[in-house]
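In the two assemblies presented below, chain A is common to both, partnered first by chain B and then by chain C.
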Partner chain A sequence: MALTRVLEWLGRIYIWLLLAFLYLPIVIMALMSFNVSPFYQLPFEWTTRWYVALMGNDQLITATWNSIRIAVITTLISTVLGTAASLALYRYEFRGKKFLQALLFPPIAIPWLITGTAMLIFFFAIGIGRGLHAILLGHVALALPYVIVVVSARLQTFAPELEEAARSLGANQWQVTRRVTLPWIMPGVIAGGLFAFAVSFDQFVVSYFLSTPGQTTLPVEIYAAIRKGFTPEINAVSTVIIVVSMALMLLTARYFKFGGEK
Partner chain B sequence: MAEVQVAGVSRSFGATKALDDVSIAFPDGGFYGLLGPSGSGKTTLLRMVAGFDFPDSGSIVIGGEGVERVPVEKRRIGMVFQNYALFPNMSVADNVAFGLSVRGEAKADIAREVQRALDLVQLGKLGARRPHQLSGGQRQRVALARAIVTKPRVLLLDEPLSALDKALRVDMQVELKRIQREVGITTIFVTHDQEEALTMADRIGILRDGRLVQEGPPEEIYDRPQSEFAATFLGDANILRGEATESGIRLADGTAIAATAGPKAGPGGKASCAVRPERIRIVSAADAAPSDGNMLRGRVSKRIFAGNSSTYFVDRSGETVKVLVRNDGSRKLSEGQDVVLCWSVESTILIQGL
Partner chain C sequence: MAGQVGPGSRSGLRSAAPLLLPAYLWLTVAIFLPLSAMVFFSFMTDLPLSGKPWSFTLGNYATFFSQGLYATLLLASLRLGLEVTLWCVVIGYPAAYVLAKVLKGRSREAIFLLVILPFWSNGLVRIFSWAMVLREGGILDSVLNAVLPFRISIDLMYSYPAVIIGLVHSYVPYMVLTCFLTIQAIDDSLIEAGRSLGASRLQILKRVIIPLSMPGLIAGSALIFVPVVGSFMEPRILGGRTGTFYGTVIEDQFVAVFNWPLGAALSFILLAVVLIILAAVSPVLRRAA
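Then we have the complex of A and B:
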């Protein structure tokens, strides 16, 4: 009995250490974004002046809006295309289908550095060049496999008789998809969309390769700013991003958890 | 409501012939059972009438209209799936309303029709429930209501009762038959359960290896099966094989078995007779009195008690004959006892063309 209690306590300590390891740096950064001293000096004095300064930092604000716009558009495009692709892979048998499905996984494993370099060279070769449009294209390409994998996984739990039943009741292909199939796979579609948003919004490597000085995203802008000299405004903007990203990830986790219980 | 005709329908999947030149006329307003073992093609045929699959050759006519190339959503059929296939994201009422709603009918009309259909299947109060809150029998009823609310020309049922337990299945057989009569819709159902086919159908078609073996009213097939397969697949039958004679067959040991009609193949060929176990009388050899029907001697090898009846297994020169006896209180025969089996000439079904 005593041993069980000891193990239980060790387990608890382990969990807390793990969480501290994960979250302490973030918590400190968030706290410092509210501290008067720009050099992490204590005692802690509360201020929101760095957030005010952030508001006046046009470059950071522009980059933030770029990031949000690109992430939202990436999410919309890749979710729609990815869901359509998953449905096609689910419904139809065609030559080379297995090969095509196998090709969906490697892009997730290929380092972004390599994907980014390849995209840069390719976009230059065909005349797309660099800029926000190139970043958007790149992000959609990065996000698509995630959406397809997540939506396809959800489709595996779908009973094909449901589509047959709907058709036997006179529903056309579009009505079947909208009223029977989509409601069932919606948790997967939303989770896939959140993945797409996260892949785009947190993207540094590929964006870095494809951005130009005036047209860039927030992570790239932060990197450039740090190289010029650290300011607590970066703590402030990072805190904002962390809050947004974490909220999204919690949503994703929620949809994955409850997705299977319908 | 419509008559359904399937004529010369064939369908191959690779090298397997799932259906081989099948022709059946499903009568208007009738309840037709397609019976066969798995792989006999009965489900393929049903899915072709539904429009989920198309024949390689042959025609399918519903209410005078050739539909071989018409997709399922344009055929105006109703179908109940083996696992009901209720839409999990919709309430019971919305499930039933689906077919009317995709047609774009007015909300008030839909609500009225849905309520009528749910009342018909005795689920009038459960419209707000979700499918997962229902029992198996209730889901079955919802699936049925959903299939008939659109007033389809034909109702197709794929092993409709196979997912229910025994007691519920018997209830649902009666219920299904009542609803079918009330609506008067041409109905085709697929089953591998002979009892289900016998109880519900007013016509049965027996399929085997993609071919129609025999079809007709259940009693006709039961009383006059035209093949050993039909005799043994629909109900239980003893098959006695021998040589054809003018009046019946002669078994290997020389015993003559008389049947009502002599074999068309002519004497000398091979032929067999089928005798239903419940048509045979069994008496101990000591009590046997001469009779003008058919007679066989044998010895009881086993007796299986089943409540209201018992089945005797009687051995005679290597063959076993099954005899079904009602447990009416008369003296029981014991294992190892010598017995005489007798049955009338009319109970002897001659099967030709082996």
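Then we have the complex of A and C:
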């Protein structure tokens, strides 16, 4: 079947074109962060001066630390609370369980613009206000559904007989959870945690509405900088972010197959 | 049964509650109460916090319906969502098919990961990266002028096409992912059966593959359409002055004009549109899951 082979090759070429479309802008942006010209002029001349400038930019450094701190705390809280909720949804049958599971989808599906502005209004109204604490409150809520979905998916592969067996051997509920269930679902928990980190670290929209001038995260700071004008310094910090988040996702992929295959 | 209690029993809820409460309390405080509060505020003349007197009003919604501007912008955003979704289908579906049925083994796994990877990297940064490519004197401009014998000026930056390109770039991995999952699940023997009965390639595509992968197409479309209608950062960065959409107007109400009640009403109208769309596709999504 000569035609089939030709079509298959065209398909392969097409995939590579798609990958080029996806990656070329990012690669070009990264290259420009190593180019001397502040106006992105060619020919290309290698420099690391924009990264050095980055080191001296206190505003960006502070925002970076804020982003990392919020992402780490978000990861810890949402992983613990999310795993607990997943266990409850897996173990127990009760009325309203379907409803509770359905409640996880609006936070994922509703555009962040709506969620973000709603949080801004509500937090303001009840006195929580804006700032890093408000951003943290929002990020955990955004990350929770992802953690629950991912951990629940892993729990589907768990054999409940194992818990029964441990229980019949005299283990109490806590021992069963710690010694039998948790070790089994650990890959799911780690993947959920990495998702939570990614959701928080890359979050722009919700942070944007909840931040105040002194208390911002890195994406909000970058947005403000972009709107003032493009500089290679933005390229440099963007390159760092892209490398970090892609590395993180590769790590997640080790624990969690996206294809749904085991 | 996994627990010691039977289904539907009340002690099931009693045992589950301590594990469930913290997570759902958090979701309530940070998502469900704010969404309800937004509806409430959208019927107010002013924020009760500012010290100014306030009362209930339908004025914010009247503004939406009486001033054609907002409805026009909502339509523009819906059109933007439709166009971006269509491009994602056109570009993403063939890619999903090749990934699911042509590529095999490790190369498939690696390429699949490469397609999905950018999706989880920073969206803002990826939109910014297109500015490097599209602006006058940018890469596209320079490369085309180096190759072509005549001089042309490519300045797509701050235009409608730029917004479309940026958004398609942001969301096409979603379409590839959802379509890949459904196409992959199609049994090869069905395709073989069609072929042995004398169906042409096009007929197999039209009669077997597309109908069976419809849930993936619809799921992907909903997952793309909804956030694009609510986008504001992408049109701001790539659209410049042409980039005024429904989302950017909502943003303005909160960060520039400070008319929060109107912003809440505009947000709520968008939420209603989004919920209608999600409700319409949810039977398909449930069947797919």
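We take it that the second predicted complex is superposed on the first by the 256 of 262 C-alpha atoms of A that agree within 3 Å, B and C clash if a C-alpha of one lies under 4 Å from a C-alpha of the other, contacts with A are read in each partner's own complex, and residues count from 1 in each chain.
Operating definition for what follows: a contact is a pair of C-beta atoms (placed from the backbone, for glycine too) under 8 Å apart; a residue touches a chain by one contact, two chains touch by 3 or more.
Fair warning: this is a prediction, and the values are worked out from it, not measured in the lab.
In the superposition on chain A, contact is made by A:184 with chain B only, not with chain C.
More residues of chain A are touched by C (comparison of chain B with chain C). In the superposition on chain A, A:18 contacts chain C only, with no contact to chain B. When both complexes are overlaid on chain A, the residue A:117 reaches chain C alone and has no touch with chain B.
In the superposed model, A:140 makes contact with chain C only, not with chain B. Once the two complexes are laid over each other on the shared chain, residue contacts for A:165 go to chain B alone; chain C is not touched.
Look at A:175: by the touch rule set out above, it reaches chain B but stays clear of chain C.
In the superposition on chain A, chain A positions 167 are in contact with chain B in one complex as well as with chain C in the other. By the touch criterion given at the top, residues 50-52, 71-74, 76-79, 81-83, 85-89, 98-99, 102-103, 146-147, 150 of chain B touch chain A in their complex.
Chain C meets chain A in the complex at residues 1-10, 12-13, 15-17, 19-20, 22-24, 26-27, 29-35, 37-38, 41, 47-49, 91, 94-95, 97-99, 102-103, 109, 111-118, 120-126, 128-133, 137-139, 142, 169, 172-173, 176-177, 180-181, 184, 201, 223, 226-227, 229-233, 236-237, 247, 250-251, 254-255, 260, 263-264, 267, 270-271, 274, 278. Looking at the complex, you find that chain A touches chain C at residues 7-8, 11-12, 14-15, 18-19, 21-26, 28-29, 32, 40-42, 81-82, 84-85, 87-96, 100, 103, 106-107, 109-115, 117-125, 137-138, 140-141, 144-145, 148, 160, 163, 167, 198, 202, 204-205, 208-209, 219, 222-223, 226-227, 230, 234-235, 238, 241-242, 245-246, 248-250, 252-253, 258-260.
Residues 159, 161-162, 164-172, 175, 179-180, 183-184, 262 of chain A are the ones that touch chain B when the two sit in their complex.
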